[in-house]
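Take a look at the structures below.
Each of the next two complexes has subunit A plus one more chain, namely subunit B in the first and subunit C in the second.
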Partner chain A sequence: MRSASKALGLLAAVAFVVAFPRMAPDAFILSVGVVIMSYAVLATSWNFVGGFTGYISLGHAAYSGLGAYATGLLVIETGMNPWLAMLAGGLLVAAFAVPVGIASLRVRGASFVIVSIALVLILLLVFQSWGSFTGGSNGLRVPRPFGTDVLRPEQHERFFYLHAVLLAVALLTWWLIDRSRFGTGLKAIREDEDKAQSLGVPTFQYKLVAFVVSAFFTALGGGMYALWFGFLDPIFQFSILVGSYMVLMSLLGGIRSLFGPVLGAVIVGYAVEYFKAQYGDTQFHLVAMGLLLALVVLFMPDGIIPAASSLLNRFRPQAASIREVTAAELAEQRRSAADAEEREPVTEGARR
Partner chain B sequence: MSLLLQSLVLGVLLGGLYALLAAGLTLYFGVMRVVMIAHSAFLILAAYLAWFFTRTTGLDPMISLLLTVPLFFGIGVVMQRLLISRLRPATLTMMSVLLTFSIALTIEGLLGFAFTGTQRRIRLPYGGANFEILGANVAVVKLIAFLLAAVSLGALFLLLKKTQFGQALRATIQHPEAARLVGINTDRVAGYGFGLGLATAAIGGTALALDSTIYPSLHWHWIGPLMAIIVVGGLGSIPGAAIAAMVLGLGQSLLQIPLGTTWAQTFFYIALFATLMLRPQGFFGGRLAQRF
Partner chain C sequence: MTVTAAAVQPNLATVGLTKSFGGVTAVDGATVTFQHGKVNALIGPNGSGKTTFFNCVTGMIKPDAGTATYRGRDITGKASHRVARTGIGRSFQLCRVFPRMTVMENMLVAVRSTSLRRQLASARDPQELDRARGLLARVGIDHLEHSEARDLSYGQQKLLELAGVLMADPETIMLDEPAGGVNPALIDRIANLVRDLNAEGKTFIVVEHNMDLVMSLSDHVVVFDRGRQICEGPPSVVQNDPRVLEAYLGI
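Right after this comes the complex of A and B.
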């Protein structure tokens, strides 16, 4: 029953994606669709490390930006096939992510976050200053993969489907990892790294693999964006803001669920584009983004999908006696129980 | 030779400011295990307040400290009590990063909204004055900024080492549970620790406003180096942060001669990666740093 409704939902989503370019009234809406699709790819790629291990990277823009530049530079410098260049770019970035991962994952969370931010800042510096190779602050023009006879709306449509395919591959990989022993180990790290380690999970290697896979897909997303958009500016490629969009999207949708980041990307991506179209380029979108992120972190850290499904579950008969409880919830329960015990005798004594 | 000496002097002056700000970051990390991304955003906010104060009243920007330091202390306490302490302990480190990041974005956006993105600079009567020591040319404002930072850092040191509150604060940093057992109200102490950290941003911001041009997105140029400093020094160690700040500030200043200002910035990040590769707990961090 439940799996049937799930399959139906998936089918509806696929049908919507396939039909969207035909339903879009004009090229602008279609291009917004491509942007949202690109965000969905990036957020899902981010979720390989954020969702499985619980390590929050604010600097994934580093990998999307590197992927974009690697693709563009490979096409320009070697003249290779753009799609091969995109794949090669992804592999190069994955190789680059190995030493970064080794440096940042050896210690726990705090250093990881610091390195992730530092990486974006350093790359921005390098790509702005190294003008002879990267085009510097003037930006880099990436040749389009389709000929000039393919018109703009047609370009958007093709790239919409290409992004959709990439998204499907990323989602499939996430789903496969989620069901594997590897995925179980990663989730054990997320819940309690010390316990996972003492149970024999090779935590460092697992984290590193998840991190490199995430960087690979993020770089592919960045490379495809570069081929679509055709122009790269270091300020927008290596921007902390882009990295934080990925975090906000995933967190809002729900980092523990497969489609959470996609849902978040649709909501946030639409909101961002709407905001830009309505209010132009003011500083106000920073405030909106900041407040939204704060609200999600404070009140909905598990995201929309878990919140909605727990609401749904209230109306269902109790499924099983074994419940999934996170380490944090257990600790919370224990603490409140301990507090209650502690408080009781004191009030008793005070009364006496 | 005089160029080298000049860079050395400038490096020390810059290192002093870095040391004060890194001490603030270390305080947050010590009391709450929080990586406070918004620290440099508050720094820029204080700089803007100093600029605004001088523009409207015509008084010296340093007088604005009388307002901003208590204000920022209060904001810090409120922030810790109302926002940070609401987060679940199990995911505190990660979620607090996001929360403080969102605060940084909000501050940047509001600054851009209120004062526009135009670059601002305080005009001071003594702004162009400078003097020479041993052939090195030192601007008076840079020296004032350094003295401001050095005096505050000294005051912070005395507060932590000599007073009862400082003892309680250090106990909270070292072992919160043991501190609770001997009767320290760690929640309150953590709040005050946060306030102290933010007060360093107020002082640093005023010092910054004295001699540099400010704009809303400037804080990204500060947060990277500051983060690198606290990792190199060992997360949670205030002397470590101060020493690392001095060393890295000097290094940046000296590297500016052969490399130019932009590439010299990368020194911080190289130091950060090298530290994590060779000695992940930092060079002065103890037991505390190892687990983060």
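Right after this comes the complex of A and C.
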């Protein structure tokens, strides 16, 4: 029953995504939809590191920003097909993430967070200063992949679906890792890294692979954003805020859940756009996000999805057992276990 | 009675193993040989360096000096997953499980996968699941397969930790205080498990403060004081050694 309701929920979500551009009343709402999709891609990509290994990177804007610039510069400098440029950008950033990962994954906890922030700030300075190549603070205009005959709303619609496809690929990859042996090792690292290693998990290599996969998808998200938005400014691309949003969204939805970051992206993305639209002249949206983060940490440290499912379980007395078996089944299991214990001398002998 | 050298095969052996933390030398030139195929005990007063010794030989921390060999292979300073792959499994003093993973997931962490394809294959391989269930049944917690490890009692967590170590199928098992904080019935169960596993060919190296357990369980006892071996031998001999009494009682 549980898997049936899960499948139904997934189907409803897909139907909603497919129908959204038709339901959106105007181009602005549609563009908000694209922004939220972009956030969902970034947060899900972040969650390859955050969710699996528990390493909280506040500097993932480094990879989205690099992906965006790599895509834009490849298109401009080489005239490459924009989609190929996006993919190449993702691969370049993944290659860049290898040495960064080797250096930064040696340290844990707060030290890792600080290293991740430092990288963003360094990149910000580099991209601002190297004006001749990156456009510096004047920004970089990225050519649109679609012709001028494709009007603004239609651009939004296409990019909405393109982001949705990228999100689906990222989610599928996360799900595949989640159920794999590799994923089991990663989750063990999140729980207790030294213990995992003592059981034979090559923790450093595992973390590095997760980190590089995360950087790759984050860069693709950045690249797609660049092609959609058409303009890049280092101050927005390499901002601590963008990285913090990825963390906030994932924590809000739940980093242990496949769809946690997506749910977080919908809520945070909508809230950010709402506050910007309502109080655009002020920095109130930052205050609102700060409050939201505080509330999450205080009251739902595991995120909405785990909190909601435990709440649901409370209203479903029959399914309330975390053991996923009924009380009667459990009693039966205990009885047979007790029987087995009584028989132990015999079975032990037989085993030898 | 002395055991003839030819009859005893060395298991884990260290020469001059040393580890200092700041001004404190926790392990101070420890030269120790544990016997293969036996239940070895490592005892000593609190702070005598037993756990640091464990951590040094299993790669959790790097020793400052000295060497460690396992069955003739040098394992000095090797990372702990490499030590694990040579065939050494270990438990921790304060029992360590993966709290937010289910009991079954805890078991599956230790499954070794060498090729990329196996790494990316589903963790729930039927064969491994069966093996895990068998081991859980053996320690007596198979009915908790779907529970999160953090919901288990301390004793159950200890059993899970032991089963998890067995899942990696190590040749040698190092237990750090298996009876610590455990009720007497469970101590018996753990002792029986150790005996049975030893009869099946597993070597044990056990740090333990429960002297009744040490004396009844072990074939060979090594006594530590101030980071080095002060005495070794069968339990009956060690028990009456004046150096041991001095170390424990300070007389």
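FYI, the second predicted complex is superposed on the first by the 315 of 352 C-alpha atoms of A that agree within 3 Å, B and C clash if a C-alpha of one lies under 4 Å from a C-alpha of the other, contacts with A are read in each partner's own complex, and residues count from 1 in each chain.
The rule is short, and it goes like this: a residue touches a chain if its C-beta (ideal position, glycine included) is under 8 Å from a C-beta of that chain, and two chains touch if they have at least 3 such contacts.
As the structure is a computational prediction, the values presented were derived from the model and not from experiment.
Visitor: Have a look at where A:256 lands relative to subunit B and subunit C in the superposition and call it first, second, both or neither.
Guide: In the superposed model, A:256 contacts subunit C only, not subunit B.
Visitor: One more residue to check, A:176. First (subunit B), second (subunit C), both or neither?
Guide: A:176 sits against subunit C, while subunit B stays out of touch.
Visitor: Go through the superposed model and pick first if A:283 touches only subunit B, second if only subunit C, both, or neither.
Guide: The first partner, subunit B, only.
Visitor: Quick check on the superposed pair: does A:165 touch subunit B, subunit C, both, or neither? Answer first, second, both or neither.
Guide: So A:165 meets neither subunit B nor subunit C here.
Visitor: Quick one: name whichever of subunit B and subunit C touches more residues of subunit A.
Guide: B
Visitor: Of the partners subunit B and subunit C, which touch A:187 in the superposed model: first, second, both, neither?
Guide: second
Visitor: Give one of first, second, both or neither to describe whether A:198 is in contact with subunit B, with subunit C, with both, or with none.
Guide: second
Visitor: Applying the touch criterion given at the start, work out whether A:291 contacts subunit B, subunit C, both or neither, answering first, second, both or neither.
Guide: In the superposition, A:291 touches subunit B alone.
Visitor: Name the residues of subunit A shared by its contacts with subunit B and its contacts with subunit C.
Guide: Common interface on subunit A, subunit B vs subunit C: nothing in common.
Visitor: Over in the complex, which subunit A residues touch subunit B? Could you list them?
Guide: Going through subunit A, the ones touching subunit B are 54-56, 58, 100, 102-104, 106-111, 113-115, 117-119, 121-122, 125-126, 128-129, 240-241, 244, 247, 251, 282-294, 297-298, 301, 326-328, 331-332.
Visitor: Would you tell me which residues of subunit A are touching subunit C in their complex?
Guide: Interface residues on subunit A, with respect to subunit C: 176-177, 179-185, 187-188, 190-192, 194-204, 256, 322-325, 330, 333-334, 337, 340-341, 348, 352.
Visitor: Can you list the subunit C residues touching subunit A in their complex?
Guide: 58-60, 79-81, 84-85, 89-90, 92, 96-101, 105, 108-113, 118-124, 137, 140, 142-144, 146-148, 151, 164-165, 167-168, 196, 199-200
Visitor: Quick one: in the complex, what on subunit B touches subunit A?
Guide: For this pair, the touching residues of subunit B are 29, 33, 35, 37, 83, 86-91, 93-95, 97-99, 101-113, 117, 216, 220, 223-224, 227-228, 230-231, 235, 262-263, 265-266, 268-269, 272-273, 276-277, 280-281, 289-292.
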